[in-house]
Every structure is written in C-alpha cells, then in structure tokens.
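The following pair of complexes shares a single chain, chain A, combined with chain B in the former and chain C in the latter.
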Partner chain A sequence: MKELQDYSGEFNPDLTLPDFSKEAILRLLVASGKLYLGIDGIWTGLMRKKHGDKVAFDYDKEVWFSKGLELDIRQTVEALNIKGNDIPTLFKYFQFGPAFSVIYVGPPPNFEPRVKFELKNKNHGIMTVTRCNSLEYFERHKDTALQKLACEEIDLPAFKWIAKRFNPKIEVEPIKLPPRKSEDEIACQWEFKIE
Partner chain B sequence: MQELKDYSGPFVRNIKFEDFSKEALGRLLQACCKEILVLDAYWQEQMRKRVGEDAARECLIENYTRIGKHEMKWTMEALNIKGNDVEAYAKANQFLPSFAQGFFDFDWDVKNKNHAILTVQRCPAFTQFKEQDPEKLEWNCHVLEAAAIKAYAAAVNPDIQIKALKVGLGGKPDEIACQWEFKIET
Partner chain C sequence: MEERNDYSGEFIRHFRYEDFSKELLGKLLCEYGRLYELMDGLWYSTVAEEVGPEKAWEWEMKVWRRIVRHVLGGLQKTANIQGNDLYTMFKAVQLDPCYTEGLYQYDIYIRDPKYAIMTIYRCPSLMYFEKTDPGRIKPLCHDLEPPAFQDYADHFNPKIKVKPLKLPPRKSSNDVPVCMWEYKLED
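Take a look at the complex of A and B:
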C-alpha cells in the first residue's frame, strides 16, 4: 500500500500508523502534544474555578513533580534510546520531550523548532525558547498569575528537577524569563552547566 | 542526512523531527499518547486524595467533555479529515491520541456514511477495574464514557446518535470491553 499523506480518502478499518507518511505522523505527534498539555490545562482551570488559584497551582505542581516529569523523561528516552548524563544528553531529551519541544514547532511541512540549543561543550549549554505557545496564550488572556505559575513555579523548578535527574551536578539558571516587553522578544533562555 | 532510527548518537544542534525514521516518530507518538492517559490518571489521583472521589469524577467528566472538541479538531486537521458524517467521526477516532491503537484494541464496522459500530476488544481501564474496582468500572463505562463519547461525536456532528450496545461488566471471562452504535437518522 502506498503511504498516505493524510486521511482524506475513504474509511479503512485496517489502517495503522505506519500506513501514513512521516509528515502525517508528525502532524499527529504535534496534535498529541497539544492534547497532552491541554488536558493538564483543563484540569488546572477546573481547579481554579472550584478551589481557587492557590489550591489549583499546588495540585498542578504536585502532579508534575510527584510523577509527571519522571514519566515524561522515561517515555522519551526509551522511545529514542537516549542514554548518558551530560548536557548533550539532557538537551537531546528536551529536543523531543512531548511536554516541551513537540508543541514548540512551526507549521508543517518543516516543523521548524522554536527551541534552540547552543552546546558550548559537554558541560555547558544554552537553551533558548524563541516562541512559546503557552506564553502567547497567557499574554492573549492577560493571565499573569498563570504565566508566573508556568514559568517561575513550574518551569524553573522543573528544569532544575529534570537536570538533576540526568545528573545531580547539573546547575540551571534562567538567563531571561517572561514577561516580555514586545512580541519580538524571545520567550525565555536558560543556561545549563556542570562545574 | 540519513534517517535516524533513534537518538543514541551524538547531540545534533539543528536536528528536526523529520531527521528520524517513521518508526522512531511512531514510538515517540506512542510515548506521548501513553503520557496523555497517565497524566490524566495522576490528576484524578491528586483530586481523590485531596477533595474526594466525587469531586474527582465530576472534574473527569468535565475534562473530557471539554477537551473532546479540541482533540477531534486537532486530529482531523492533522490528517485532513473532512466531513461531518459518522464515517468522518470513525476515521478521526481511529487515530485519537487518547484512544491510541496499541493501548486500545478496537474495530470499526462502518456500514455506511451514517451508520457504524465500534467494538472495543481491549481497554486498559476495563482490564484494570474489572478485578480491582468493579464499581469504578461501571461508573467509568456508563457515566464517563457515555458523556465523553457524546461530546467527541458532537464535535463532528451534534446529530450523531449514540447507543451503547454493550457497556460495563457482562460477567463473561473473555467478554469485549464495550460496543457502541453511531447513527445519523436521515
């Protein structure tokens, strides 16, 4: 069977993922990444409505830090056979972790990454998020509370937590965090280092 | 650049998704689908622990009835699935991340564009709750799934009628998980 570019044709009861082209699978992957964070967003939103910001944000943090991040790392490194404990290994995970880079891409067919990695050496690297869907959502809805939760209370400790999970000696510092003055600015930038 | 089978090699600064083989991307997609379901379970666990089972269930229903239209839209856009009949719904349903092949075993019998039967042979929740928590299973199948399926179908066409043909525990050792009929009366 010829690879399908999409599923605009007739229903086929036996269709499986390998029947699709790589680009179609990629589009599905991006859709899945959106759903992944979308479910978390809806849970947090429900909690905010029912129990207020503090309780909701506490729940969200506990979901991610008790099990969510561990799951994300395990699933990604297993799927791509990523091994090691240095900065390049950590960056390899960041490049393809569903909770992060998968949704930070441009439109098909190129899926241009919106997270850039500059590896100075095995012990030092800079990660730059040029465009962030979440930040754009917060800016659009003027939701400063949620932006602070995501960037400062989840991302900052999450990057530290993830880095330590690869190697306890990795130190993480934000070089730039939101809020932004204009849409031309990058979203955020982080430095990872092993002294 | 030759297609990568995995990412066990050195870090590549400008690596893109398309640099990987289809199989590697498929594995990544499967990983993401699994994470979606597990992350949701973690939220339920948190809720149960902190505010009780009833609140957790209430939120679970609201979660899936709200995300349904987005998940259908993203999936249909990703695969360029157009239309608002039962066949379009079945096509999107075959590739929904939260109903991923491999985690669920299911089969669609599309009788015509406006009539189809979905049979779920294996469902992780059904397998887990059958032994551990039959009451939760009944709620899951009769209340949550019924509400979620309705919301997902309505995202394609509010006129799609859904009938549960087999839902919940039937008592047979090798029973299917569930079976649903989808129809648009013409």
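Take a look at the complex of A and C:
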C-alpha cells in the first residue's frame, strides 16, 4: 500500500501509524509535542485567571519538578534506548525532548532543528536555541511574567535538574537568556560542563 | 545514512529527525501521547492536593472542554483532514494523541454516513481510577465525557449527536467494552 502523505483521503477503519509516510509521522510528532506542552499551558492559564500568577506558577513548577520532568525523561530515553551519563547522552535526550527540541523545528519536509548542539568534548557542550516558539508567544503577547516563569523559574532549574538526573557532576550555566532586543537575536544559550 | 532504529549509538552532531526510522518515530509518537495524558493527570493531582478533588475536578472539566479546539485544529492542519461528516470526525479521533496505540483500545464502526458506533475496550483513565479513586469514575465518565465527546462532534458538525450506550462503573475488569458511544448525523 502506498504511504499516506496526509489523511485527506478516505477514512480507513484499520488505519495504523505505519500507513503514513515518515514526513507525516514527523508532522504528527511535532503536533503531539505541542499538545503536551499545550495542556500544561491551558491549566496554567486557567489557574492564572482564577488564582493569579503566583499560585498558578507555583502549581506549574510543582507539576514539572514533582514528576513531570522525570516522566518526560523516562518515556523519551526508554523509547530511544538512550543510555549513559555524559554530555552527549544528555544532548541526545534534549534532541528528542517532546516539549522542547521536537517542537522547535522548521517547516516540513526538513524539520530543521532550531535547537543546536555544539559538543566540545564529552564533558563540555553548548546548547543554543536559535528560535523558540514559546518566547515568540510571550513577546507577541507582551507577557513578561510568563516569559520570566518559563525561562528563569522553570527552564533554568529544569535544565539543572535534568542534567543532574543524568549525572550529578554536570553543571549548567546560562550564557544568554531572554529578554532579547530584536528578533534577530538567538533565544537562549546554555553551557553544560562536567568538571 | 542508514536509518536508526534507536538512539543508542553516537551523538549525531548534524542531527536530522529523518535519519531515524519511521517505526521509531511512530513509537515515540505514542509515548508523547502518553505524556500528554500524564501531564493533565499531574496537574489534576497537584491542584487536588491543594483544593480537594471536587474543586480540582471543576478545573479538569474546563481544561478538557477547552482543549478540543486546540487538538482538533492542530490535527486537521497537520494531517489535512477536512470535511464535516462522521468519516472526517473519526479520522481525527484516530490521530488524537489520546488514542495513540498502547493507550486506549477501541473500535470504530461506521454503518452508513449517518450512523456510527465507537466502542472502547481499554481505557487507562478508568483503570487508574478503579485502582486509586473509584469515586472519580462517575464524574469522569458521566459528567465530563458525554459533553466532551459532543464538543468533539460539534467541532465538525453540530448536527452530529452523540449518545452513550454503555458507561462505567463496571463490575469487574472483565466487563468489556468499558463504554460505547452512538453517533447520529441528523438531517
């Protein structure tokens, strides 16, 4: 059977994922990652309206740091058989982070990654987010509070938490964080090191 | 470059998602679907710890009534699903991250363009609540799902009417299907 490029044709009661082309599955993967982050956004948004920023953001942090990050790592590394405790291993997980690299990609068919990884050696690497959908959303809506929550109160400790989960000796430092002066600037940049 | 069936090998500097096999990407898609459901579950339990299950459930209902348009809008665009009949709606169901393989087991029977039945044989949410908090089964299956299923149908065509034919609670884990839904496209 010819691979489906999309699902514009007839309904197939026996449809399975392999019926689709790789490009179509990749599009679904990006959409799925966005929904995963999206349901978190909907909860946060509702809580902000009801209880204000502080309570809502505290809930969000609790969600990610209690079990969210652990589940995110586990489901991803197990599916991909990623094992190890050095910087390349950590970067391999980041490349498939469902609420991260997978949704920060260019359009099909290339899905050009917008999170770039430069490995200096197995103990030292730089991660650069060249374009970030979330930051662009915060900028568009002038939502500085949410931007600070995402970049400084969640991402910064989350990257540190994730790195330690792979190896307690990994140190993480932001080289550059938002806000940015123009759209030409990168979104953020991070250094990962094992001393 | 040969397709990779996992990512156990070397770190790829010039990384491209297309370097991975379709099978692996499909498997990952199912895991993302699972994470999507788990994220909601984490939010519910976190809020419930603070404000109690009743209040948290009110938010849960709001989230699921609100997310329909995000899910369906995204899926329709991603998979180029267009139309307003039962076939179109069920195409979206098949690709909904909640319904990815390994989570729910279900069957869609479309008898004709105006009548269909969806039967769910395995429901992880029901199984979770049966084990941990049976008191949540009625709010989930009787209060949330019927309007949520109708929202889903309304998104495609408000003339599609959804009616539950069978709903939990069930007497034992052998009591399958767990729920059944009738879809009618009215004139």
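Before moving on, here are some points about what is shown:
Following the convention adopted for this analysis, the second predicted complex is superposed on the first by the 195 of 195 C-alpha atoms of A that agree within 3 Å, B and C clash if a C-alpha of one lies under 4 Å from a C-alpha of the other, contacts with A are read in each partner's own complex, and residues count from 1 in each chain.
Criterion: a residue touches a chain if its C-beta (ideal position, glycine included) is under 8 Å from a C-beta of that chain, and two chains touch if they have at least 3 such contacts.
Values in this document were obtained by computation on a predicted structure and should not be read as measured data.
Annotation: superposed three-chain arrangement on chain A; chain B versus chain C shows a clash.
In the superposition on chain A, contact of A:91 is made with both chain B and chain C.
Contact with neither chain B nor chain C is seen for A:145 once the two complexes are overlaid on the shared chain. Of the two partner chains placed by superposition, chain B and chain C are both touched by A:82.
When the two complexes are overlaid on their common chain A, residue A:175 makes contact with neither chain B nor chain C.
Judged by the touch definition given at the top, the superposed model places A:42 against both chain B and chain C. 6-8, 10-11, 13, 15-18, 20-36, 38-40, 42-43, 46-47, 50, 59, 62-63, 66-68, 71-72, 75-76, 78-83, 88-89, 91-92, 95-96, 98, 102, 105, 110-111, 113, 117, 119 are the residues of chain A that lie in the contact sets of both chain B and chain C, per the superposition on chain A. On chain A, the positions that touch chain B within their shared complex are 5-8, 10-11, 13, 15-18, 20-36, 38-40, 42-43, 46-47, 50-51, 55, 59, 62-63, 66-68, 71-72, 75-76, 78-83, 88-89, 91-92, 95-96, 98-99, 102, 105, 110-113, 117-119.
Of all residues in chain C, only 6-8, 10-13, 15-18, 22-36, 38-40, 42-43, 46-47, 50, 59, 62-63, 66-67, 70-71, 74-75, 78-82, 87-88, 90-91, 94-95, 97, 100-101, 108-110 touch chain A in the complex they form.
Every residue of chain A that touches chain C in the complex is listed here, in rising order: 6-8, 10-11, 13, 15-18, 20-36, 38-40, 42-43, 46-47, 50, 59, 62-63, 66-68, 71-72, 75-76, 78-83, 88-89, 91-92, 95-96, 98, 102, 105, 109-111, 113, 117, 119. By the touch rule above, chain B contacts chain A in their complex via residues 6-8, 10-11, 13-18, 20-36, 38-40, 42-43, 46-47, 50-51, 55, 59, 62-63, 66-67, 70-71, 74-75, 77-82, 87, 90-91, 94-95, 97-98, 101, 107-110.
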